[in-house]
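Some structures are shown below for you to check.
In the two complexes below, chain A is the common chain; its partner is chain B in one and chain C in the other.
Entry: the complex of A and B
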């Protein structure tokens, strides 16, 4: 009974007669596509359109001023050749990787996991307090967070005052070690996301498994390494993928804190791209860099996806 | 039935797209309608850079607006202050000029950028207007050439020019035991004075030379080119019509930057890399006697006039001016560079005729004199230059006007803004200690070869 009812129920009620009779799968598919078509149309115009335009621009000499503004010419892979031959670009790639490694893969990820693990064991009061503090940093608008942190890292900012108070020498963080300063800032701002992902994943682990591991005599670290972590591998991979992609494209935080400087000491790819496209008017070159950034993001995603799949297999 | 339904939906979505397309079409058509009625009353948008606390241009334009609206009933002038630092101003202006919907009718263009924007097709040639204008003969020939493109057409009306030299604080010099009538003959003379200040007057910044990306063209021109053009080298070889790379003068100039920032003779690099450095020098460091020597433009005293951002009547007695010497005193012995700004009409302006009328109002003898005086410009109109009010407007006017005899103009070709960006990138790398002058110069050479093509470069002397 149920099996025969199901197909009729699944067809749209008003047009049930015709589509049921015709049995043409293509027509049925078209009808199902119908309600989606405005959305697809909008996506094509406003999402795919700019992306395609960006790909096109990356292969031209498009500019805001000069010859590239009057007649846009196709220049082949010149922009990419220029990028890979330029010291400023390799510097930007290098800084982007350092920034991503320190602030996302090491910082946000492990700190988020650590917080999630500790909060599982703590009292409700501590949990609420820590949760509010960490998520507060995440909820703040980017520019506000960047302003707070540049005040914190400033030459006579809070951090140096605290260091001096305990007798340690301070340093001008934003000037002497800008990439470290912006990485720490990004950790401060982004840890909440990892913490939330891991808290959710950890709460999915059945209590019995951990209890039986404990009965078998596994200590805290062994339980973590052989029971807890393997059970949340999927969450780890998903989280790494998301925070890596987010961190690769961080712009506002660094721009507001250091503008990529001093010199180019904190000029990651998004800042280099902005400078070339909007400060130096080279739109074509800027979009070429954006495509390279897209490729780097894709490589990271592939690695993580492979990690996810091998886990699933 | 289903097919009909599909058709209806397809039609609906097609309509939706058509509607958006239509709305775009109709807005882009407006300028045509607008330009046909330009002779009558019009709404004119005029854009200029407003950055920092300065209000000279703002007040000047407000006066012109009132005057124009009174003379042309029904017309309105909308003043668009573009609040942005040096480089951002050009970017915002270029973005506005790209579309007829946002293009202002009159724009304030720096002469260094105007060729690039002309090549970009942003500006309208003004020859038809200028030929019928009885005031054009009042302009000096060099000024007339400032906004003339390679095609021989004129694209802008200059409102003033400028020269550059060293400003120094006589009181601080006296305290440090330096001569009040300071006449440095070489770079070393400048450096030794700065070193004396550093030694004798702790807490005072010995010398300011603009440097690095945040200050944009000010770094390239007031800073770097004032050094480079005092060496035996230049940016551009006029005889060969090629850009100069690999020159010793370029490295020496970067070395000067390295010396002053490395030895603490300049503001800390962090201070110098503040995008507000320009207004900070004019409104804080100089008036508060916290800076002894400033390599800067002829116009900076406009900050200290009654109408300026930081009225400081004592400036004319406290500050002295002296020419920037060449590297070793050779050549003419002193160096200066000139630039200046022009009023131009974007190609996509909806009311070019009315815009030209507004430019004529901006450039009446009375208004030109007012701006040259309040804005501390070096006059480009002969009648303004002869005006007694202008001549006596400031103690420094004569000094800076005399520098016109040694002044040099930038190679303001379409590629210049890109080359200028490479100069400030090299400066910033050197001043922050990120690169050695040799390495920064090498990066500059490679970048310039990439910008203009290797066949358009030549090696230095």
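Entry: the complex of A and C
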């Protein structure tokens, strides 16, 4: 199995046939690029199209019912003004930040790195068992994972049974601390991804480097901080960016566990957008929120690209 | 030194085991509830284990049709993704043109976009194109949403196939597509299988896209029809829900087992992603 380092866009492809500057006619070039057309076609229609439509609709009063349904009008930045002035929207932004911070940046990332590090020093049997358990949680369908964790966090659920067993008070976690419960659920479901990325990155560190650091008397933590981690900075950046983006768009897990409730206590941006656009039929306003989410995603994506580029340069 | 090594190994094992147990715990409920006729949300081993729940859900409306729909939907979309991704990856991996870099950057940028956010405008687009509630439209959208990542991964795997073999074929007069089919694909089939299986697993679990784009109960895949257990009748039958969840999960578990037996498992994917 090849595990070649993914070349960034700036590293040249292993190309034997260079073209363009070599004076080949343009037509030959175009024919060569022809296999790209199905992918480009699909992405233009089903990705670029909706995004452009989103940019348009976000500035209109489009709706499924009422005045916005009959005649769609351009309303300027009204939707955005309405959003940023609304308590529900700021609540959703805030919850999205908490959810992303706890479940992705702290939870999945740290736990994934920890698992990958520990796995290097463990026996094969333990490693296989833990790897299977963590990856098992990851391949489970979203909604099934949501039900399992609803049951786990429920009043009569496994978590409370365990807490009672050691004499701690239990509670209905989905009511008392819904955003914490869904964050933990997302850690449970998503840690495998970080674990895999870090396992792959760690496996490429030459053994001699860490051994020589050990010879020089660097203890476990110092070795980790000054030798191991700096060598996988790139994997850390890639992983953080990818899981942040994945976490920003989590919908099914939260929807199936709490539907954003109780009240709006776990209503992150995707759920707020869904409610506005479809439960309340405000397509224009819903797309404005979608545009905000796309903008957040785009900013993260650009930071990620810059990181990859400057590393390779 | 050796004693310390052994200590740290023991500690690593114990911590790992503890984390592993935490990951397994939530699974206990579904296993116990599925064989318990009177299951609730409490985790308990049934006093009279039974297969009744499985018998109750194994019928066309509840299980067979949604699972079949899921296979058509996700299988079709994963295949479409793969075909487009392989075709796109070939010129990107083999020829250097001024077009490559901007295209790859765009692809990478697209992998970062939250698909959830696009769903509202996509629904609008589907209404305009009359594609709402059609399997074909949903397949095309699902394939598109998986494409950027699939192109990226496929290109990475394809870069690992040395170009020298194709050069010989080119000299012999084979066209690009022929070289791709006869030389590159056979050499990178494990990579293709990894991308294909993970694309399928991701789609199989996806709830939001089919939930938004399909309406008729007879077209819904398993990921959405699972909601019918909650219906209008209040408390769902948790035992049947658990049994159904297990059946619905089975295909991806089998695929994953296949992947880990033959292809180095998910670790191959980690290697391609880490950048």
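By our rule, the second predicted complex is superposed on the first by the 259 of 313 C-alpha atoms of A that agree within 3 Å, B and C clash if a C-alpha of one lies under 4 Å from a C-alpha of the other, contacts with A are read in each partner's own complex, and residues count from 1 in each chain.
Definition applied: contacts are C-beta pairs under 8 Å (C-beta built on N, C-alpha and C of every residue); 3 or more make two chains touch, one makes a residue touch a chain.
Owing to the predicted nature of the structure, the values given are computational and were not obtained by experimental measurement.
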Decide which partner touches more residues of chain A, taking chain B and chain C as the two options. C
Could you look at A:235 and tell me whether it touches chain B, chain C, both or neither (first, second, both, neither)? second
Which superposed partner A:38 touches (first chain B, second chain C, both, neither): both
I'd like to know which partner A:121 touches here: chain B for first, chain C for second, both or neither. second
Considering only touches as defined above, state whether A:217 meets chain B (first), chain C (second), both or neither. neither
May I ask you to decide whether A:281 touches chain B, chain C, both, or neither, giving the answer as first, second, both or neither? first
Between chain B (first) and chain C (second), which does A:206 come into contact with in this model arrangement: first, second, both, or neither? neither
Check whether A:169 is in contact with chain B, with chain C, with both or with neither, and answer first, second, both or neither. neither
If I apply the document's touch criterion, which positions on chain A are contacted by chain B in one structure and by chain C in the other? 15, 18-19, 35, 38, 45, 155, 278
Seen from chain B, its contact residues with chain A in the complex are 1-3, 5-6, 9-10, 12-13, 16-17, 20, 87-88, 90-91, 94-95, 98, 113, 116-117, 119-122, 212-214, 269-270, 273, 414-415, 417-418, 421, 425, 428-429, 432, 434-435, 443, 446-447, 450
Listed in rising order, the residues of chain A that touch chain B in the complex are 15, 18-19, 22, 27, 30-31, 34-35, 37-38, 41, 45, 63-70, 82, 85-88, 155, 172, 174-175, 259, 261-265, 275, 278-282
The residues of chain C that touch chain A in their complex are 8-9, 12-13, 15-17, 19-20, 23-30, 33, 40-43, 83-85, 87-88, 90-101, 103-105, 108-125, 140-141, 143-145, 147-148, 151-152, 156-157, 159-160, 162-164, 166-167, 170, 176-177, 188, 190-191, 194, 201, 204-208, 211, 222-223, 226-227, 238, 241-242, 245, 248-249, 252-253, 256, 263-275
Looking at the complex, which residues from chain A come into contact with chain C? 1-10, 12-20, 29, 32-33, 35-36, 38-40, 42-43, 45-47, 49-51, 53-54, 57, 62, 111, 115, 118-119, 121-123, 126-127, 129-130, 133-145, 147-152, 154-158, 161-162, 188, 192, 195-201, 203, 220, 234-235, 237-239, 241-242, 245, 248-252, 255-256, 270, 273-274, 277-278, 283, 286-287, 290-291, 293-294, 296-298, 300-302, 304-305, 308
